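Take a look at these structures.
Heads up, the next two complexes both have chain A, just with different partners, chain B and then chain C.
Coming up: the complex of A and B.
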């Protein structure tokens, strides 16, 4: 006697295509692939199409090399694919999308933090000098 | 044991959760629920989250009064960030609509091309079939014309032969007649041998009288001879 529960389908009913980063590579050598995959698939699992790659480790010139297939990316976005946040940020930095708000905000915060750090450092160095002068 | 916030509404969600916890969870956890307090902002409800410990392990004594607080938010920065986000999503929506139009156009063009390809294939195949059929019919026609020509030639030849034969037969017949007449002409009475023939006739009287009866008995001797 089989109890009928949820219907088992090859593709779930709420399936979506997502453009996201999949991590490949091996230990101590990561490699990111920009892929179009179903949202219910594993991060590193089978995907529909590879749209680009990103090397998170800087090369000999200190560059992090990224390659993107713009044509196919436009096709997938035209067919209604979602984009994950890191992929959005990457595409913003690449110039395909506008810059992500959090990229700008993060940069501003970093700049403020560095400015505050520099101010504190200068205050700290100015303080002992005044004490020494006095 | 870690506690995490869940926005359960102004106490309604929290009440539901508490009632569910009271009925379903074990006595070890009821003690944690007993220490439930409203969180730092309205609607905050403490919900236990699982980590290394199982549901049977009691929370550590050091974590008994712990309240997890979300990170502080600068309201000015928040406004700026919200404005940036709205602008960002506006741009993204515009881009997406453009890409959608492009993709639709490409798909339609592809379908049209495929249809055209199908029609051209059909057309080509039909033309090829037509050509082969035409060739076949031409060959048959050629064959038929050739055969007819041959037959006509043969007939003509036969006709000529039969005509020649007819003419020959006629000539032969006429020659025979001429010869016969020539032979007969030797017995004709001419002015030259008139006297001779009269003399002959007078010298050899012929009696052409005869009698015949129904039984086909012929009598030549008559009263006159």
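Coming up: the complex of A and C.
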């Protein structure tokens, strides 16, 4: 049974600490922060603690740089924080959590869509050739 | 001594206990492989270090030459003779600190560890993700840095990726995220033409980790250039001299250095160089002869020249010239 900390008794019932991604940066240059914040705060508003950052734009070596403070993350998870879906997916990719089911489902859907498109493309190219032969 | 050296260079989050115990295990292994009497001397042995330190010399003028610093008005002090002596002693202590030799390690093994193979993720991403653990208290060598490739494979990051990520999140002064193109082979030649060996060695030490391939390559290239052009004096009284001597001794190309020492009338340094050579290569002929006949000084050098060196003639001439000048100065 998870014990809700003293800070959460201030806003009873719906209050939660959530680990989620907050968007920072400026026009045409996003930056994501992995943040432990209250549920009812604005996405980019005041948070309890920053746990890391994620750069969604690839750098000159073709990599997306992500930094996560594991020790503090474990602390917040230990005190009963929830994790938002994008943050769960990111941590799944990192190997800290198991892979999120939607990541796997998304990959399968993408593969099916690509296969269907390839099939349609080959049919379309086969169709006009048959007409041409006839 | 070694622990202090490492902590001083890399801060408190430097080499971890894991690598320390690794080094001990390696040394133990090595000793087990060799016979109990003979173990290969390493760079960090007391005897080796003392010989290298003696050869480095202590030219206070060169060590404390004016560095490029912020402009400050000069301070003048009036001192008695005793106070001046004290100040010189303090200066010598500081000079010894400045002459602490940077570590000489063997190249690090590449990391090829795969943590997970999730091939079903193939095709979802076009770029790789590099995840770094930002826990403040872990030593950098133990930090978890993993890479999720676009093929879905989760692997540990290579040494270059590790160095880059650690520099991004925990920047160190004097180090750049991407190493400057100055350290490439053809660009180094330009720098060495300007006789700036010491400067680029200092930059190399601050930029690269001591066991990285780049560090070792740059150092070897600089030492080879010095050996080729006989510019040994550039590194004398600096902390790089010991490393250079160690490299040349291991490579068995000590002729140029020996000749330079004789020409500058540094006979003691020449004898310590030869004794270091015998320590590192005890199976060579001159070492056996020296041990049998217990040679010292000029005789030791003569035996060494006959058996080990390639440029026998030159060094013998130089030695003769030195002895002549010695007898002349004694006569006059």
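As a working rule, the second predicted complex is superposed on the first by the 120 of 134 C-alpha atoms of A that agree within 3 Å, B and C clash if a C-alpha of one lies under 4 Å from a C-alpha of the other, contacts with A are read in each partner's own complex, and residues count from 1 in each chain.
Here is the rule we go by: a contact is a pair of C-beta atoms (placed from the backbone, for glycine too) under 8 Å apart; a residue touches a chain by one contact, two chains touch by 3 or more.
This structure is a prediction, so every number in the text was calculated from the model and none was measured.
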Fit or clash between chain C and chain B when superposed on chain A: fit
Touching partner for A:104 - first (chain B), second (chain C), both, neither: both
First (chain B), second (chain C), both or neither touched by A:124: neither
Touching partner for A:80 - first (chain B), second (chain C), both, neither: first
First, second, both or neither for A:114, with chain B first and chain C second: second
Partner chain in contact with A:23 - chain B first, chain C second, else both or neither: neither
Chain B versus chain C as contact partner of A:15, first or second or both or neither: neither
Chain A residues touched - chain C or chain B, whichever exceeds: C
Overlay on shared chain A, then closest C-alpha pair between chain B and chain C (Å): 14
Overlap of the chain B and chain C footprints on chain A, listed as residue numbers: 104
Chain C-touching residues of chain A, taken from the complex the two chains share: 52, 58, 60-72, 93-95, 99, 103-104, 106-108, 110-111, 114
Footprint of chain B on chain A - complex, ascending: 74-75, 77-80, 97-98, 100-102, 104-105
Chain A contact footprint on chain B (complex, rising order): 77, 80-81, 84-85, 87-88, 91-92, 95-96, 99-104, 106
Sites on chain C touched by chain A in the complex: 115-116, 118, 120-124, 127-137, 144, 146-148, 154, 161, 164-165, 168-169, 178
